[in-house]
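Chain nomenclature is as follows: A, B, C, D and E, assigned in order of appearance, with residue numbering initiated at 1 for each chain independently.
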Amino acid sequence: MEITLAHYLVLSGVLFAIGLIGVMRRKNLLMLFFATEILLNATNIGFAAIAHFHNDLTGQMFAFFVIAIAASEVAVGLGLLIVWYKRTGKIDLDIMTSMRG
Amino acid sequence: MFEAIAFYLFAALTIGMFTITVMTSQALYALTAMAAGMIFISAFFFMLGADFLGVVQIIVYTGAVMALYAFGMMFFDTTRTLVEKRENPRTIFLLGVIAATLVVFIMVSPIISSNIEAHYPIDAALGNSQAIGYVLFTKFLVPFEVAAVMLLVAMIAGIVLAGKKMDKSLTLMAEEEIAFMNATQDKPQDEEGAH
Amino acid sequence: MEIYLYIALFAPLAGSLFSALFGASPKTSITGFVNSGLLFISFVCSAILLNYVMSGHTVHVEMMTWIATGDLYIPFGFVVDQVSVVMMMVVSIVSTIVHIYSIGYMDHDKGFNRFFSYLSAFVFSMMVLVMSDNFLGLFIGWEGVGLCSWLLIGFWYHKESATWAANEAFIMNRIADLAMLIGIFIIYWNIGSLQYDVVFADIANLPMPIITWIGIFLFIGAMGKSAQFPLHTWLADAMEGPTPVSALIHAATMVTAGVYLVVRANPIYDLIPEVGTFIASLGAFVAMFAASMALVNRDMKRIIAYSTLSQLGYMFVAAGLGAYWVALFHLMAHAFFKALLFLGAGNVMHAMHDELDPFKMGGLKKPMKWTWILMTLASVALAGIYPLAGFFSKDLILEVAFVEQHYILYSVLLITAGLTAFYSFRLVALIFHGDERHLEHGIHPHEAYNFMLYAMAPLGVLAVIAGMVFKTPYYEMVTQLLPAIEYHIHNHTTFWIMTIGTQLFVIAAIAYGYKKYAKAVKVDLKVESGFLYQLLYNQYYIPKLYDELFSKPYRELSKIAWKQIDLKIVDATVDGIANIIYRTGEKTHTMQNGNLSSMLRWMVIGLVVLLVLAIAFTVGYNAVTMRAM
Amino acid sequence: MLEPINVSLASLNITTLAPMLIAIVGALTILCIDLIKGGLHKSFYVMVSLLFLLLDLGVVIDFGNMFVKNGPVSGMFDMMLIDGLAIMGQIIIVAGSMLFIPLALTSKRFHEYNYPEYFALFLFMIAGFQFMVATDNLILIFVGLETASLALYALIALHNRSKSFEAAVKYFTMGALAAGFFAFGSMILYAISGSIEINQIASALAGDHYANIGYVLVAVSFMLAAFGFKLSMVPFHTWTPDVYEGSSAALAGYMSIVPKIAAFIVAMRLFEFLVHSGVVWLQVILYVVVVITMTASNIWAMVQTDVKRMLAYSSISHAGFVMAAILIGTTQSNTALFLYWALFSFTNLGAFTMLWVSRQKNLLPGQSSDHPFEKFSGLIKTMPMAAIMMGLFMLSLAGIPPFGLFWGKIYIIASAVTGGYTVLALIMALNSALAAYYYLKLIVFMFMKEPVVGYEKYYLVNASLSLKTIIGIAAIGTIFAVLAVNPLLKVITLFVYNSGY
Amino acid sequence: MQEHILSILIFFPALAAMLGFIVHKDSVRAYGITVAAIEFFLSLWLWNLYDPLTSGMQFMEQAPLVAAFGINYLVGIDGISLFIIVLSTFFTMIGIASLTETRRVKDLIITLLFLEMTMVGVFAALDAIVFYVFWELSLIPMLYIIGAWGGPLRIYASIKFFLYTFTGSLVMLVGMLFMAYFYYQATGQWSFSLLEWYRLILPFNFQLWLFAAFFLGFAIKVPMFPFHTWLPYAHGQAPTIGSVILAAILLKMGTYAFVRFSLPLFPDASVYFMFPIATLAIIMIVYAAMVAYAQEDVKQVVAYSSVSHMGVIILGTFAMNVEGISGSIFLMIAHGVVSGALFLLVGVIYDRRHTKLMSEFGGLASVMPRYATIFGIMMMASVGLPLTINFVGEFLSLLGFYKQSHSFTLVAGTAIIVGAIYMLSAYKKMFFGTVTKEENKNLKDVNKTELLALVPLVIITIWLGIYPKPILEPINNSVESIVQLMHDKAQTKEAQARIPNLGNHEATNSQQETH
């Protein structure tokens, strides 16, 4: 039973789907951000696996930069969340509907 | 065989952890589960020979990101469970499942790769970190530097947004109020953000 | 000679414009005199031209280009030939007289100046009509007289009936004018010109059906102007206009334009005798039909109008049978005595304060002796008693019908002659004889101004002598242009029997009418409530029929077209499309509900849809390529 | 083993980095100056930024000259790619930014301009966009994109009121999702081609004749979703109106132009080779997306009650319109894309600036947004010049000749005609008619209604000389666009054609 | 200066309008009249310079605009456009001169001057895009005029007007781009020059599609049934000046464009669509006349009468022979004069009574005799009485179409009947009868300013009715060249048969000289 690239890609896809579900169902902004991390992590597995099977470093590089991006996003996301929380006292996204239509 | 066992084990663990992250109503559980999931992911990296990536994964994600989130959680006082209103949970899962199925459907088909050649082949003789170093500082030098800028931007943004100066909004204050505020303050607080 | 032509033509226009200058100001007699003078000049010039034409010349001028485009070339060209000069004479004589008469008749009217302006404009249009050397020029006059007729019928515009009648006349004429235009179109596209001389020279080369269509369409045009059935109703209603107008336009000149057209287009009609027969038949029918309505009518002017209609029928019989010169001759004679009759009626109306019902008059011969004499004279002429004008012209038509062996037409016309005599004298009797019924209404009649009577006098004279004196010179002159066919019943016995018989028949009819109405007027309710009487009295219910059949449905349809079709279908469709788009916006923009969750969901949905499509395509694609392999 | 790598400096072509470096250095300079001497007036920062941008622009234009002579240049291990698209993209980005930055000089004080960091972030953002367009490496695109986006989120939030936070959070969250899409899409592309450089992907795919069509399509789906978000294609557009409404009018105007041109250039690089290689699916999908984006956003724009939201939907529609150029994928259509966007920049910036000058600090009594239509009611009576300017921009946006956008519009439609997309051309034309309705709505309010008593004091409150100058420039650009079209067309065609598009 | 007279004519009003912003609002009316008068005299001068015997374009000017895309500023006139230009300048002058007290008169006059620029531009343009630019641009001043100075429904009316025409012309724009593309395919160069396009012979099925695209744009502008419903609203709500210019000039853009674009570019398609279009035209004639008859508002009567008359114009245009096309062009001018005058007249009474409902009037002939007279003359002109300007056009149009179809012309000819019906009944309702309303008893008759505007129109109406030659001759020459062009380009048998060959038109010309 050989573990092929497909295995990893399927895993990546499933994790990505889990992330998507999280993104869709979360109302707590903080936990919503968690879900976006899952998305990026899912792709990272894929990249690493592809790199492995193509015997190519590029995939690993991509994953590396994805991690960097994820980290930066967390910083900005939390910053935004903090001002929002300071202003409203909540991190529930359902109250965020002052603009619509 | 070992590889297979390890793969399935970690796959199950990762999926389980992330499922908890997504499904639990306790922020703390979610955070913990995610941190665990990230570590399990790094296991894949090691399995795939991407040692450097595995280390970075653990340090950056489990170390930095999780710490940041934990800090955030404390700030937001999320220990009290947030009652999340759910509309159409079925739709959501349906969409998720469809997405997963579709992706999987494609992914299981073999990649017909007749002519893929590695641009930066992994040299078994070279350690992973070294190899990465080579590539990173030649080919990927520019993205690397830009990533640095990005982190700087993120830092500045984070600091500025979370800073105290945001507490009073000049945007919403009348001009007279701003003038009054500036007069009463001994020292303008302008540098604060940059520090 | 051209100068006389131009003077004859433009003098009335000058008069019209002159009066128009004073159009809005109160009465100034000067307009009346100037216009009458100008018309007299026109008459004199016409006479000079007549003299010139009598000697076998014609005058043909082209004033200027009117429309020229493509191959079409239409000038303002005028021709004075044997036919048009007759018309010119008739028009200028009658109109001069009517103008002078009107100075008195319209004396107290606020719109005195306006009236003269219109009247002279009419004369100008009529002159254009008769003098033009091409069909479109004729059409100018044709429409011009229509306009003036509209203006003059509706002259007393505050009267609903007058304006209604004016519009009716105009619109009915327009129906016929359309046919005439079509006729002109056919001529143009087949011959390439509208000049009489060119058309008449080439007409024989055309295929028969086309000539027939030309003939038919032109005649339909003539039917409108000459009020032939079924376009006749406007003429009786047109009597709402001032009486001089009726005399000039609706008796002497304009209504005869149709006859003139047929006479003018004789080269065409000569080629299509079937159409001619139809014209004659229609003419005969109208003659009798109109006369029958005149029998019972209670409106003095309408009676005369029906009589006009009837006489027009006569003319068409002649024209239809190819006796163009006869038609034209009757046209001329009729113009004189019918104008006289109308002007007389005008005097009576003046005297009776615009009362029109002869049953409310009676015994007017005492206060209005001259009027009585003149009207009687005119009636006698109309009835066709020797030696007055009517005898020579009208009986000639009977002879024509007989000679051409259209015995049915002949008998119809003969009967009509009797009817004509009857209603004419019924009218005379009712007005001038019997009890002075008008006294009950507190009216004290008086004779018209002297100068009005003097003005009428020439017409009286003409009504007497026109036939006797003019016939021979007229014949000689006109037949230079028109087919010279002498209509003589060669069998002397037959001739005399017929002539005397007709005369006796007519006299009998006169006597009957006179006897019946001269003394006391008995209203025979039984007769009056009878079907026939009602039928005639209501003009065969034709006006009602038209109203029900055309006017009302048109009005209703128009309403439907606007309110139902235009607003509710056409416009609503446009607005509907706009509304659908806008509503869609209103309904769907709520998908932007501001909730981040649903925004994210939209993104995922988008992705999933793309993925579904991608997979579907892949599967399909693979299936296709597999099969291909 | 470890061989020393010899890289000659010349082969690196370090100058390809110059424009971005200028922006980054500018940002750092601002930060340093702030360290040394705080409390400087915003006008100082504005001018400093402007100077750096000017330098930046100068270098880019110089690149342009070199490009005309030498053709595309790559540098930094083929990471940077300076071709015609990159140059034109950078010109639009930098020039657009130069028009935007003076908008900070309002007469009223707004929170963000109190921060020197605001200007630093702004310059970083520009550098990010410049990186994005000047490469065909997906990593650098990704990193550049994120740099710019993160800065942009902060810029939005710095306006400092709840709506702007809301906007920033929404934008951020959706952006994170889109980033996930991008990463996943790149992953699949990498999987099937073994490369993350677009030209190599293209040749790899062509090499195996699209054998992995399923993978390609899935990858394209993810990429479409990611760029659909950036370019606000329906249904990935939902952030646009909210974010525009939440941010300041100036920034909203900026967002409608600069980030999108960057994304367009990437989309051009990424999708056009696919369109050309006969991936029918992509043609169909793009077709549908373009049509839906144009039509739906137009329909939604009609029912808006706030001018800024209306303009947001309108810019979605314009983006859809321009997306058609990518679908058509001929040299002419790509030229049209740039022409359109250049002309659109002027007009749209003008329109948003008009909103910006009339921005009051608090909501109008009885209103829930900054720029309800009622605010502009009867403007022709109270402020005729302002009304005429705004009317001018609206007419231009509606595509009424001879104003700016008309020329872009006909060129795009013409390219659709030439490319064989007749029905698309008709749909585009009819959509212009739909769009005319809502632009007209504002004109109706301004020119045909009576002023609402009490609102007049809120108009032009924010005007200052520099804002007026910007409006003047935008107006001149809009009116006399016709004179610029021919040279623009020539240059753009040259650039696009020589870049191989 | 002569070489640039067209450009001067086009841009002078716009420039003057800009400067008009500076003029004080009390004097702006005089300023407007002055400018319009100068413009009018310039156009008269143009007429004077125009050589009526040449059939080609004159006063051509060319300047590259977007050379890379083949767009040039290309203007020039022939006999067809010359008079419509003169008509435009004339009506702008008359319109401004007859302005009564209006709110914000300065804005109005500036708008009118801009409008004048666009009108002259449309008729002078020989480049499709330049044409399109002016065509669209003309919508905006009109939109503003209706929307700002109109009646209670003005906003609805103005938006409807704008969007409807805009939609149509966008489709037309696509058609134009197609046309340019075909030119590009044929020659390898982009060009929007009409004269260049004339040289293209397109395949039949392309012609059909392109014809349809252009048709939509033109038909909405004309407006042809069933695209006419914007017109009653626009007229009903527009101020007098708006209606006057709309009816007199703007509608003519559509019919003019048919002659300029549809016929010479797509002769085969024109012949192919001749009968469908003639059917529409007949529907317009009869149906609009019926609707006009049902109206209660006198302005709507005139508005629908416009639709009806435009039907005749369309019919004449699609007669495809010199008679018909010349007639239709002449009728454009005629209808411009007459309907313009009628709208002015309606405006006169509206100013006095602030109502246009016919039931509010009655018996005005006795109160306002001069008004009634002028109205009567114009009504009769509208009805198409000979020796008025309308007759010449109507006659020629119908005459022309008779060549193509007898039965159609017969039905279309009912125009002269149904036209008389609604016009006379409207006239009767307003002017005849007795004065019943107290308000009407003391109405003032037309005053001097109004006479100043109306009398010239009356004079023109009659003068050109009697002596149309100065206009008809140049039109004829230009039309002949168009017809010949169409014949030469025609490919289908039917088109060749239906479009006459004037190969010998030199001969016919000399023939006419000898008359």
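We adopt the following convention: a contact is a pair of C-beta atoms (placed from the backbone, for glycine too) under 8 Å apart; a residue touches a chain by one contact, two chains touch by 3 or more.
Small disclaimer: the values here were computed from a predicted structure and weren't measured.
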{"item": "Any chain in contact with chain C as well as chain D", "value": "A, B, E"}
{"item": "Far-end chain from chain D, centres as C-alpha averages", "value": "C"}
{"item": "Farthest-lying chain, centroid of Cα atoms versus that of chain B", "value": "C"}
{"item": "Centrality ranking, top chain (CA atoms only)", "value": "E"}
{"item": "Pair exhibiting more inter-chain C-beta contacts, B-C or A-D", "value": "A-D"}
{"item": "Geometric centre distance via CA averages, chain D-chain B, whole Å", "value": "27"}
{"item": "Approximate Å spacing (C-alpha centroids) for the pair chain D, chain E", "value": "44"}
{"item": "Centroid distance [mean C-alpha coordinates] between chain E and chain A, Å", "value": "65"}
{"item": "Rounded Å distance between chain A and chain B, as computed from the means of their C-alpha atoms", "value": "6"}
{"item": "Junction residues of chain D - those touching two or more other chains", "value": "139, 143, 146, 150, 153-154, 157, 160, 169-170, 173, 177, 191, 194-195, 214, 218, 241-242, 303-304"}
{"item": "Two or more partner chains touched - positions in chain E", "value": "163"}
{"item": "Multi-chain contact sites of chain B, meaning residues that touch two or more partners", "value": "92, 95-96, 99, 102-103, 106, 109, 111, 113, 116, 118-119, 139-140, 143, 147, 150, 153-154, 157, 160-161, 166"}
{"item": "All touching chain pairs, where touch follows the definition stated at the start", "value": "A-B, A-C, A-D, B-C, B-D, C-D, C-E, D-E"}
{"item": "Complex interface listing, chain C residues touching chain A", "value": "589-590, 592-597, 600-601, 604"}
{"item": "Touch list for chain A against partner chain D, complex", "value": "5, 9, 12, 16, 19, 23, 29, 32-33, 36, 39-40, 42-43, 46-47, 50, 54, 56, 58-59, 61-62, 65-66, 68-69, 72-73, 76-77, 79-81, 83-84, 87-88, 93, 96, 98-101"}
{"item": "Touch list for chain C against partner chain E, complex", "value": "23-24, 64-73, 75, 136, 139-140, 143-144, 147, 150, 154, 157-158, 160, 163-164, 166-167, 170-171, 174-175, 177-178, 181-182, 184-186, 188-189, 554-555, 557-559, 561-563, 565-566, 570-571, 573-574, 578"}
{"item": "Touching residues on chain D, where the partner in the complex is chain A", "value": "138-139, 142-143, 146, 150, 153-154, 157, 160, 162-163, 165-170, 172-173, 176-177, 179-180, 183-184, 186-188, 190-191, 194-196, 241-242, 245-246, 303-305, 309, 369"}
{"item": "List of chain B residues in touch with chain C within their complex", "value": "87, 91-92, 95-96, 98-99, 102-103, 105-106"}
